[in-house]
Every structure is written in C-alpha cells, then in structure tokens.
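Okay, so chain A shows up in both of these, paired with chain B first and chain C after.
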Partner chain A sequence: MMVPLDTPMPRSQSISMASVFERYGLMIFLVVLMTVAALASPTFLRPANLVNVLTIAAPLGMVVVGQTFVILVRGLDLSVASLMATVAVLATAFKATTNEAIPMIFIAAIALSAVVGLVNGWLVAKRNVSPFLATLAMMIILQGIRFAYTGGAPISTLPPGMGFLASGRIFGVPVNLITLAFLAIAFGIVLHRSRLGREIFMVGSNPKAAFLNGVAPDRVVILCYVICSVCAGIGGLFLLGYVGTVSNWVGQGYELDSIVAAVMGGVALTGGRGNIFAALLGVAVLVVINNLVLLLGFPIEMQLIIKGVIIIGAAAFYRTRLA
Partner chain B sequence: MSAITVDLRRNRLMLSYLIVAVLLVLLAVAGGFLSDRFLTWRNIGNLFQQLIVLGMVSLGQTFVVLMGGIDLAIGSLVGALTVFLANFLEWRPDLVWLALPLALVVATAVGALNGLLTVVLRVHPLIVTLGMSSIIFGGTLMYRKEPGGSVPRAFADIAYAKVGGIPLSAIVLVVIFALAGLWLQRTRTGRSIYFVGGDREAARLNGLPVDRIVVLAYALSGLCAGIAAIFLTARTGVGDPRIGAALTLQSVTPVVVGGTILAGGRGGVLGTFLGVLLVTMLNSLLNFVNVSSYYQWVIQGLIIIIAVGIHTTRRR
Partner chain C sequence: MSASVIELSQIEKDYPGVKPLDKVDFAVRPGEIHALLGENGAGKSTLIRVMGGVTKPNSGTMTYLGKPVSWQSPKEARAAGIHVIHQELALFPELSVAENILVDTQPRGMFGLISNRARHVRAAEILAQLGVDIPTHAKIDELPLADQQMVEIAKALVGRVRLLILDEPTAVIAGREVDLLFENMRRLRNEGVGIVYVSHRLEEIFEIADTVTILKDGQLVGTSPVSALTREEMITRMVGRRLSQIYPPRRTAPAGGRDVLTVRNLKAGPRVRDVSLNVKVGEIVGVAGMVGSGRTEVAEAIFGTRAVESGGIEFDGKPFETKLPKGSIAHGLGFLTESRKDDGLFLGLPISANIVAPDLDGITKHGLIDRKQERAVAMRQIQDFSVATPSPDVKIGNLSGGNQQKVLFSRWSRIASRLLILDEPTRGVDIGAKVEIYRIVRRLADSGVGVLMISSELPEIVGLSDRVFVMAQGYVVGEIKCDALGEEAIMELAVRSVGHREAETDQRAEPVG
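Let's look at the complex of A and B:
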C-alpha cells in the first residue's frame, strides 16, 4: 500500500524484517502508542474518548489529503491554515441563520479555495516561484484580507446545521469522519488508480521525463494546488462548525501539522513518493500523541516539543529508508 | 563562456540592487509628499532605531539561504532568548556582562545544532528548523506562558543610545553588515558559503569541508538572532515567548526582496540591507498614512511575490 503503482519494485524482493518494518512501521508505531495510552490511562479506550479523538482528527485529515497532492509534486502549501480561517470568515459573511444557506456556503467556500489554489499553482508552475514563498505570500495576503473584513473581532452567525456537520453523529459515527472517508477514498482513487494520479507521481519523481512522455507538468502541478486548497477549504468549514465561532485564527498550526502528518506517513518531500492512506495514518498517530499528552496530565506545550521531535525523527527515518 | 555567465550574474544582482534602491528613493519622495513629518530627522532616527531587529534576523537568514538552506527557527529562538534575558536580568540585574555573552553563546549553539541536524540526519532544512522551532517554542512556553521579567535601566538604554546623534543600534547594524559583506566576498570561508549554496556536490568534490560550512552558516544565523534578541529585549523591557512568532517569515522577505535566490549560491548582504530598509520604510509610511496593519500584511505578501517574480528567470 505504501508503494505507488508506477514505482519500480525495490531491488531485493525477499521479505526481510527490515522491509516489514518499513512498510508497516507507522502502523506498528500507532498500535504501540495506543497500547501505551490504554495502559497509562483507562479513559483512552473509552468509546467517548476515541470518538472525540477522531472528531478532532477529521478536519486535519481533510487538509492532509490535499497537502499530500502538493508534496507529491515537490511542493508544499503553507497557506492551508490561513485559507481555513478565511473560508470560515466567508461562511459567516452570509449572516445566515437557516440551513438553506449551507449549500451556498459550501459552493462559495469551494470556489474561493479553488481560486486560491489556482493562484498558488500558477505562481509555482508558471512563474517559477518556489512553493515555500508563493504559499507563504498567499498565507499573509489571506490573513490581511480576512482581518480587514472582520476588523479582528470574532463572529458567530452560523446556520445551526454547520454544527451538526462538524460534531453530529449518524449511527454513532461522526459526520465529519464519514465526510473525510468519502474525501479520502475519492481522492485516493484519483491518486492511486487513475491516469491523472500516475501523471502526478511521474511529475513528482521526474518532471522532465513526464514532459517527454506527453504529460504537461504545469497543468498537473496547478491541479494539485487546487485540490490542496479545496480540501483545506472543506476542512475549514468542518473545523468552523466544531469551534462554533470564527476567531480569525481557526486552523492555526494546521499547516505544520498537515506537513508533519504527511511526512510521518512517508510522503517524501522530494516528491513522487507517498500514499494518501499512509498520510492519514500519520494524522492518527499525531492526534493519539496529542491525546496521550493530555491524558498523562503533561502540560499542553509538551505537544509542541513532541511534534518537533517527531517530524525531524520521521523525516530522518524515511530518508534512511530511501538510501 | 564562464566569464560571461559570471558577468551576467553580477549584472543581474546589480540590477536588483538598483531596482530596490530606486524604490527606496521613490518611497522617500512619496512619503515626503504624503506627510510633512515623514522626512524629518526625528522620524528617520526612529526608523533607524527600528532597523536592528529585522536587520539582524534577515542577515542571519541571508547566510543560511546563500548556503542553500533556510532557517525557520529564528523567530522561536529570538522569543526564547528574550524570555531568558528578561528573567535572568530580573533575577540578577548586576550580571548584564554575563547575560549578554551567555545569550549569544546559547543562540549560536542552537543555530549550530540546527546545522548539525541537517548535516547528520540529512533531512531537509525546512523540516529540521520547523521541528526545532516547535521544540524551542514549546520549551519556552513550558517555562513562561506570559510576557514577564524586567531589565535594568542601563541595559534598556542601549536600545535608545545615540553616538553623535546617530542611534547606536543603527551603527551596530551597519558595521555588522559591512563586516559580513567583506567576510563573504573576501575570505575563503565566506566565499565557500556561496560555493556550497551554488552546487553542494561540486563543493564537496573540490575538497571543501561542506558539512562544517553548513553548520557555520546556521551558527551565524543563531548568533544574529541572539544580537536581535538583545536589542529587542532592551527596547521592550520584557521577555515574551510569542514576540518572535512573526519574525521568522519577516526575516525571509528582505532576503528575497534583495535579490538573494532561495535556492542558494546567489545574492548578497547588500541586497538584504536594502530590503530591510525598504520593508521598514514602507511599513513606516503605511503607518503615517493610516493604512491598517491588516493591509500591510496584504502588501507584504504582494511584495514577496513581485520581488520573486522580478528576480527569477524562467527555467524552460
């Protein structure tokens, strides 16, 4: 599952301990973490806590699905968190109090996100701006526009249905988790089973070869940025419903978290290697760690330290795997 | 052939310096028209006083970017150092002579650690320094969540001290930039930073101690963050873990505006200096004409895009 369709098989085909560890390392790590959590605190395995953890994880998961696309084409999107907050502000701009407005809100949010992704992608692919700078600039610009609109004050006019989308349940399963599953499966099929997906991997591992094979790298890259922004926009709407009020900083930190999760899931920052579902496993590991820090009664700042150690460690781990 | 390429490169850099310099003059003239207080000595003095913090972190970022890396831990490091300085000096106000060198040593060590991690683990500097930033910020918050501490009067004075009417901080900044420029241009080690940034493999094959140069660039960035933190603490009088949050990204803008290429190997400190001037002057002007800080963000983002758009050449 970790290996994209078009990558050649590794030199050695024999199943060694090392290769098993490589392939299932993250899953093993997650199981170990959950065991530690269960031993450390009886609360952890309670359904209420688990569902809670998953509810928190869902919006981040949506962002990670998109971030994976961008990283696969050697990019990086630092504007996702700022976009989430901007989409949240946009949703309140309708000043809607009834649920009829929800489809409108979603259409507007997705349209705005697509435009943002288009600009990011255009800057990176056509103007040759480094992804870091292009999305960084986008992050600041969105932040400025958002604050100029709200004047810095939080707003909370939202249709009641938004709250249900974010923290409601259908047969006990969180709605946002179901949405994430749909999103992940749909984009998973695009990425791992379609022609476009193969083109994305090709552009990510060797743009020149992709070009010579009749793939237009620019178009593929721009499309990846659009997908990323749209996913982040949808994630922003679900996170907004969960938080309830727009504080201008909805989603703060999600740019780092989404990159951490993807890198932990083995998505290579050098492009061309990665898997959506492994990246989502990275999300699971991240939220379980955050939950563990709370359950063990450590100060919440410890999450920052652990996150930092993990992202460096995970990147180092996958690099040695490649060598 | 190679002589021509070198010449073109130098011209390209000269061109970006020229563009920024012209923009600076235009801004000054525009400022003079928009407000009669903008071009007064008083305001220019204020402006120069503000330069040091952004100037120092941008200089540090320049070393790292020229070497082909990026340092996203600068802001957290500055925040942590202000907390250290303010709390240490509240505890022992008489030990300023010890606190300052200690802060610089710690800053340099943290920078060197960033470099060591990228070299030893061979992980992308973006990841290493983002991770380190998270660790430093978390650690600082565990120690102090809110701004606090205080500094003795004598220390606070260095932020506003003047030598012959010119702010001390501006003199320090210019001297350090001049030294940095000379070091990069005229010494073997300085030039090897360009070499490593231009083509790391070629540098290695030429027998340069690449790993040591990488660590050195990050250590210098840490040292610069330390100097910035000293002046920042002197000015604000408190240690604030969050004060550096915006500095990381702000440190990148003048570097890019000054024509230094993010991929490494090309650019220089003069460009960064002009970039710092431009950004500071623009913000000051926007404040003068009462443009809200929200739009200043939008403008900063546009500047990055436009600057990169001007400086980059198409690959294909």
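Let's look at the complex of A and C:
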C-alpha cells in the first residue's frame, strides 16, 4: 500500500558552483572565446588586430556605459544609434576645415544629446510613455531631421583633427580607449559610489519604495536618460572619426548591440541590478565574436546568427539563475 | 467510522534550509469539515499544495479514496475530485462568469466547438445550486470580491468533488457572504464531501468545523474534535506559548502629556471622510477596522502621499503640511507600509542599502556614499534588531519574511524619532518574529516615539495598543481606552457602525438622486 515518493533534492554544493559561475562566468567565457580565436587564427593575437578590435569596441563601449544607466531604471534607449548619426551630421554642419572648431563641435554635440535625453526621460518619467515607444519615436524623429538636412548624400567636410579621435595615440595608447576608460571610471564612480548611483539602484529595484524613502524617482529616471544620450553623443563623435565620412547610417545597429552587451554583462532588464564594468565585458565578448567570424572567413551574416544565439544563451542563463 | 477521503502519513517536505513539513499525519473523513490551524509558516499551505498535487513531498505516503496516490500534477488531483480554492483567487478577470466557472470543462456543441449557450445554462445551474444570484455574462473584474469568491467556489462544483480545500476563504468576504459560504459548506458536507478549511479566525472554526488539526513549525501538534478544545487551548497549541507571553507588558503609567500627532476632521479622497485622532508621546495607538475602512489611506495622508482635501494635521503642535515623503522623513516620521514586497523592500539590493534607504544624507560625504559608515550603521541595526544574517551584504530577498520585516523596522525606527506609522506590522511573519517585533514596538514607544499601528489582527491591536481608534467606511467611529480594550468591543463598534453609516449614506443619497 505504501508508495515511496521522490527522493530529497541535493543542495548546497550546486549553489556555490552557480555563484562562482555567476560572478566570473562572462570573464571565463571571454577567455574561452579568445583562446578559440587564437587557436583558430594566428592573426588574432597580433597587436595590430587587437588594437583594431579595441578601436571598434570603444564607441560601442561609450554607448553601453550610458545604456546601462537607462536599463538600471527599467528602461531602454533605442534612439542611441540614431543620435550618434545625428551628432555626426551636426559635426559636419560646422563646415569646418580647421581644428579650432573641434571644441565647438563637442559642445554642440553634447548639448544636442542632453536635449534628446531630457525629452526621452521626460516622456518616460512624467508622461508614462513606455521607454520602448518613446525612444523608438525619438529614433525616427532624429532620422527625419538628419535626412532633411543632408538630403541623403554623404558628407566629409570635417576638421582633420577628428581622425585623431579614432587613430590618435597618447603614449602609445589609443585616444578612444583612454576616453572610454575615463568615461567608464567617471560614470562607474557615479553609479557605484555616489549618492545618485544609490538612488538609481533604489529606483530600478523598486520605484514605489524609493519614493516612500524620500527619493524623487522622476528626476532620477530623467537623469539616466540624459546620461545615456550624452554618452551616445560622445560615442558618435568617436565613431565619426573612425569612419571619416558621414552617411546617414553611422552607428546603425548600435542600439541593439549596446543593449545586448549590457544584458550579457548581467545588467537586468527588470532594473536595479548590474555593473558598468561587467557591461563593458559584454562589449568585449561581442566584438571578439565579430572579429572571430571575420578571421575564420565566415560570411558576415554569421555574425548575426552567432550574436542571436548568444543573446538567447545569455537570457536563458540569467533566467535560470533567478529561478 | 467511515474510511478517509484522503489520508497522509509521515509526509515530509524539504527545501534548502527549511523544512515546511516534518513527518505530518493528516486525514479527512467524508462528510467532515476539518479545520487546519497554525501560524504563518506552520506548514498549512505546503500541506494543501501536497494534497492538491502542486508540490511533491520528499517522503511519506498519501492514500486517496483507499488507493495510494502520488500526484504528478494539479490537473491529476483535480480530475480525481480534489478541488483547492487558494487564498489568491485563480480567476480570469477579463472573461465572463460562465467562462470562468467552466474553465476546465467547456461544454461542446456542434462540430465539437465550444457552445456558448450551453455554457451559460450550465453555469447558471451551478450558481443556482449555490444559492447565489450572479449574472453569468458579467466579467469577473466587474464583480465585487465576495461574488468572485462565490464564482471560485462554483468552479469546484462543476465536476464530482470529493475533497474541497479552502485556504482562508473568508479573508475577503464578510457578513452575509460568510453565512452563505458556510451554508454551502454544510450542504456539501451532508453530501459526503470531505472539506479542509484553513482560517485564522477561531470563531469561524468553532462555528463550522467538526475536527481541528494544529500544525506548528512544520510539525503536527495534534488532531482533535473541535468541541474538545477551548479557544485558549487552541491558541496555546498553535503558538506553543501562552498568550500572556506574546505581548510585552503595557506601560505602567498611561502615556501623558503632549500630542505628537493630532489629526482633526481629516478628509482625503473617498476612503477618508472624517477622521480625528491623536497620538501622544510614547504611546502606541491602534487603528482597527475592516479592510477597506480607510485606515491605510489615513496613514498615507499623514505621511504625505495622499492629497488632503480638508481638515488639519498637527505634528508636535504645529500644522504639518507634507507633499512628499522626503519632508516627512526629515521631520522624524516613519511609515512602515503594508506590503513589504511592493512598496517596502528593495529586494535585489543588500540588507545595508535597505536599512539606510531613507537616510542617504546621513551616509553621504561630498556626494559619495561613505561605505564604511553605511556598513557600520547596518551592522549596528542588524545586531540591535537581531536580524539573522551572516553579513549586511546579503541581498534582502534571501531573508525570511520575519527577518525582512525586522530590517524594515530597523530602517524606520532609526529615522522615526517622533512618530512611527505601522501598517500591518506583522503580516506574513511567524510567531517568533512577531514576539520580537512586539517588543521592538514597545521599546520604541518607551523611548518616546509615538506609534500609530494599523492592524487587521485584533489580538495584536488588543495586546499591544494603549488606546484604539476604530474606523468604518472612512470615519472614526469610536475610541476605546486601555481599560475597556477587548476584541468584542472593537468588533461591535466596527460592525455596528457600518450598518449605521450605510443607512445614513442612503438617506443622504436620496434627495440628490
């Protein structure tokens, strides 16, 4: 009559393994990827190739720094790529051929970005528009403005110094990497050490509780969108320096790549959890994958397929971790 | 004695770190209403889940209608005639009453398609059987909560039900609806259905149940006929200690002197019509009343998250107008909200961040968080409030409900130097943590903080308060002083006043309509 039911589940051991994997999983994955790349192609570890990879990674890294802020407060910003291109077009609008214009270009780019971020943030925080819709609309509007100005033709009237942003070096270190490091550390301190950063985590974790504890969630959310846009704007200028000419599609695909990198780096789309430096590790993984596909001589479309598979893998990984 | 409908023997359930069921025996006979009693965390819900096929026990045996069974899914248990009505209603709010009642067995018509007409006919039959009059075309979210509960019960009557399990069905209904529910339970009992009934309201158990099984900390305390136990004995068995040991002694001298909070004729939204109350320095003032009587809304108006239409709030004798929590916090006011998870905790953040949340000023230097100081504050609070955790860096989501609640107390009591508002301060915590929380509240009051405590648990209101205000339908309908304090006195006020107010509102409404 007696029926034994299922046996007790094992515990404790698997938990600690999981936590190690949770903390260092992405880093282990990156090392594995790089090893595979090095074995697959002797070119990979050559300094020239590595510098090339990092140079490509830098503007994306800048966007990811900003995107992380927005995702932390339960949002996302689809307008970053469109903003990058618009900033690039704005840079040509000065029709400058000398380097004196560069500071002006920077100031104008940051100002435009800040306004875009303010509008995004205002729509999301004050008007309760979903981040997806608000930033999608912003993406389209920026695109329209850009097209109206350029008439669709590429422009290359740029101060010669802009190229320095992409290929220049200071003490042998690429300028764009120095800038990325500076942005990452500065915003890393803001996010992980400052009072504002704490408020961002509180709002992302539980907006209602944050409000009841004396935080102004709307202000925090708007600030995050402004930070995101400003980072994207700066990224746009560096990308422009890399590309050299301005087409209407500079930076295309960066909106999704930046979200993918952040999510791979463990920034939770549900908000309140993530780390800037881990998100940048996500960028590294992404660009190494792209590079690997090229080195192996696969068609470029493979990049997309592999990227997609990895997103699903990352999502499933974080999903099970939460369960 | 007839054979059992269901018989569980030596059931055990293990989760890492907790053991919600430890070798429990439980049996329900046909035609019996069997009450399941125990504090939160005693294992009642787990036991119900085991019977309903939601949870698989780690060991032990289950016999249903004479045959050994091991449910693979809730569906299997339901097909065999076990129906569970959970605390949270499992209804589809967008669908009609009929669609919900027949959710598992949609009647088929021509070509095997679902027949809408047959569905409404069948649903109406079942509702008539229950003796309730609910339109079958109505959408669930258009119905009052009590009717929704009835729909949930109607679902149980669709198939052949042999074992009906009700998990706190009276939490959301009152008065006539409870009578109707009990009537139906008795009818089912006479038809030979075995019924398991979970409720915290002891009065109901004496009214309806034949047998009672008491659980404590996952272990069986005992099973006996209801008539063999007194109320006192039940409580003592349930909590494992006598009532007198649960609540800290009241202050010897009644709180005298100044009001820390005075509310006069407050009007704020539809749920706060006319509220006057006061809290003195060092006093614990209870606010009792039915769910929905406006208690929480009063707290929100005081704390500054609900717009005040008219009336006055005075704090330390000075008019107090807050628009935001920030200002209230700065004045030494704390508000421990009702729902820990929804608006209290930052679940993904460490304990330390949760403790210092309303006091970021205190740990910020030049715009940066002073982590050393934050840690020091957190360690001190963890120790003072005996929160069980290895470190302040642990995510608060990993703590038990009781420990989470203690963290919230440590958060608010640190900054609430003048007044602490508590909304359901012991919801979902076990008795051990409750006792600790009661001591914390008394200690706070003794240190000179005024405490305004909203609670639906009458024993808690009676056991802890120095004075009680009773609310009904947005009005304060009475004040009960310490010496007259008792559950009956409160209930009488709350219930009688409801009828009174209703009559009054009707009269007033007529000339307008």
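Assume the second predicted complex is superposed on the first by the 308 of 323 C-alpha atoms of A that agree within 3 Å, B and C clash if a C-alpha of one lies under 4 Å from a C-alpha of the other, contacts with A are read in each partner's own complex, and residues count from 1 in each chain.
What we mean here is this: contacts are C-beta pairs under 8 Å (C-beta built on N, C-alpha and C of every residue); 3 or more make two chains touch, one makes a residue touch a chain.
All figures in this text were calculated on a predicted structure; none of them were measured in a lab.
When the two complexes are overlaid on their common chain A, residue A:Arg193 makes contact with chain C while staying clear of chain B.
In the superposition on chain A, contact is made by A:Ile141 with chain B only, not with chain C.
In the superposed model, A:Asn206 lies in contact with chain C only, and not with chain B. With both structures placed on the common chain, the touch criterion links A:Val53 to neither chain B nor chain C. By the document's definition of touching, of the two partners only chain C reaches A:Gly214; chain B does not.
Once the two complexes are overlaid on the shared chain, A:Arg127 sits against chain B while remaining clear of chain C.
Once chain A of one complex is fitted onto chain A of the other, the partner contacts of A:Ile110 are absent, as it touches neither chain B nor chain C. In the complex of the two chains, the chain A residues touching chain B come out as 76, 123, 127-130, 132-134, 136-141, 143-145, 147-148, 152, 256, 259, 263, 269-270, 299, 301-312, 315-316, 319.
Across the complex, chain C meets chain A through its residues 14, 16, 56-63, 68-70, 303, 305, 324-326, 329-330, 335, 337, 342-349, 353, 357-358, 360, 364, 367-369, 371.
Residues 70, 117, 121-124, 126-128, 130-139, 141-142, 145, 249, 252, 256, 262-263, 292, 294-302, 304-305, 308-309, 312-315 of chain B touch chain A in their complex. For chain A in complex with chain C, the touching residues are 1-9, 11-12, 15, 189, 193-199, 201-202, 205-206, 208-216, 268, 272-273.
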